[in-house]
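The letters A, B and C name the chains in turn, as written, and every chain counts its residues from 1.
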Amino acid sequence: FLEDVKGQAKAELQASESRVQAQRKVTQALQTELLQLYSRLDSPPGGASEPCGPHNTRPAG
Amino acid sequence: FLEDVKGQAKAELQASESRVQAQRKVTQALQTELLQLYSRLDSPPGGASEPCGPHNTRPAG
Amino acid sequence: AYYEKVGFRGVEEKKSLEILLKDNPLDVEKLCTFSQRFPLPSMYRVHVWKVLLGILPPHSESQALVAGYRREQYTDVLQALQVMRFLHAATPQVEVYLRMFQLEGQELPRLSELTPPEEEDEDFLAIAKAMEEIVEDPVDCYWLIKCFVNQFNNKFGDSIPHLPKSLEHYLSQEDGRLLAHLKACGALRRLPHSLWFRRCFAGCFPESSLQRVWDKVISGSCKILVFVAVEVLLSYKIMLMAMNKPEAIVQFLSSMPQENTDAIVTKAIDLWHKYCGTPMHSV
């Protein structure tokens, strides 16, 4: 019976772990997208110059 | 003794679930920021006046 | 002889705490009682605080696993804030903790509306700053700040507004003349209640004294804050009696001298035990 309880606890913990992993994939995808958007926003629409200055020199992360 | 094992499992599960909750909050925050950025990208660049956008109004620290 | 006695007592206390810490699972209630009665030896303080605040579980076999979870959670939140450009290399560490706390509490402003920390954040920042002085590891530090603040608000949020009244009550027991003076010159209502009761004296006392007060707060008493405030007033009675302008009194109390805060805390703990009794749970 004790083994039963332990087994159940282990299964629950594993389920929780896989929720964490799933969520992490979501946040990673969102972060990638955010980084891409920032790089689009940081490069000025017209030319190569960087009118907006130092905010886009910073690596995110 | 059984209660003890259950208590231990519960503590582990709670700590694991706390990660899931934190990840969810991260997802929400990322989505909010992404939406903001998309709305900035959608508004035409030559437009309203703020070429450098709101991101550089913020002091770094 | 006094110091010998205290030193001896200290050794005995340390031993009995070590026995408690060998329990598996830890008896959190006994650890609470110990912290209520005795000062925690500094080498065990962070560990005991983490157990009392639920950051570490009582079972030793689970502690490494849970500590790993805590670290992961910290990293996840921190990293997201960096990617979102809420944090920069120059962001002060306490502000990092504030943004992490806000994100986890769903109170993070939008980046475009982000302003430097505001007055309502000052209590958090003061507590964070003090915790940073006490705890070296940033992961431990963040978790301790977060759980300290959350526990304090959840457990004592309803009591905090009553503490000024309680202060008045105990001051009347201890020194009616001083109380009458503070009342007469209009300073009583303007005492730095927020500094004392919302920040738990963070920024007011040096960390060495502060952590002895926080031992009591973390193990379950917010009333200790009242007795510390009483002892602050009693300690500076002569000076306070000579001041008649409430502004001067508030000013003085808000930036108190840092010299004898240890003695103030010791007396405050004695006074607290005198009025509220010593917790008798055997340890």
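The working rule: a residue touches a chain if its C-beta (ideal position, glycine included) is under 8 Å from a C-beta of that chain, and two chains touch if they have at least 3 such contacts.
Values in this document were obtained by computation on a predicted structure and should not be read as measured data.
Any chain touching subunit A that also touches subunit B appears here: C. Just to note, of A-C and B-C, the chains joined by more C-beta pairs in contact are B-C.
A separation of 9 Å divides the Cα centre of subunit A from that of subunit B. Centroids of subunit A and subunit C (each the mean of its C-alpha atoms) stand 34 Å apart. Centroid to centroid, with C-alpha atoms defining each point, subunit B and subunit C lie 29 Å apart. Annotation for subunit A: residues 20, 24, 27, 31, 34, 38, 55 touch two or more other chains.
Shared interface positions of subunit C, i.e. residues touching 2 or more other chains, are given as 72, 76, 80, 83-85, 88.
Taken in their complex, subunit B has these residues touching subunit A: 1-2, 5-6, 8-9, 12-13, 16-17, 19-20, 23-24, 26-27, 30-31, 33-34, 37-38, 40-41, 45, 51-53, 55-56. Those residues of subunit B that touch subunit C in the complex are listed here as 4, 7-8, 11-12, 15-16, 18-19, 21-23, 25-26, 28-30, 32-33, 36, 54-55, 57-61. Of all the residues in subunit C, the ones that touch subunit A in their complex are 72, 76, 79-80, 82-85, 88-89. Interface residues of subunit A, counted against subunit C in their complex, comprise 20, 24, 27, 31, 34-35, 38, 55, 58, 60-61. By the touch criterion given at the top, residues 25, 57-59, 61-62, 65-66, 69-70, 72-73, 76-77, 80, 83-85, 88, 90-92, 95, 103-104, 106, 108, 110-112, 114-116 of subunit C touch subunit B in their complex.
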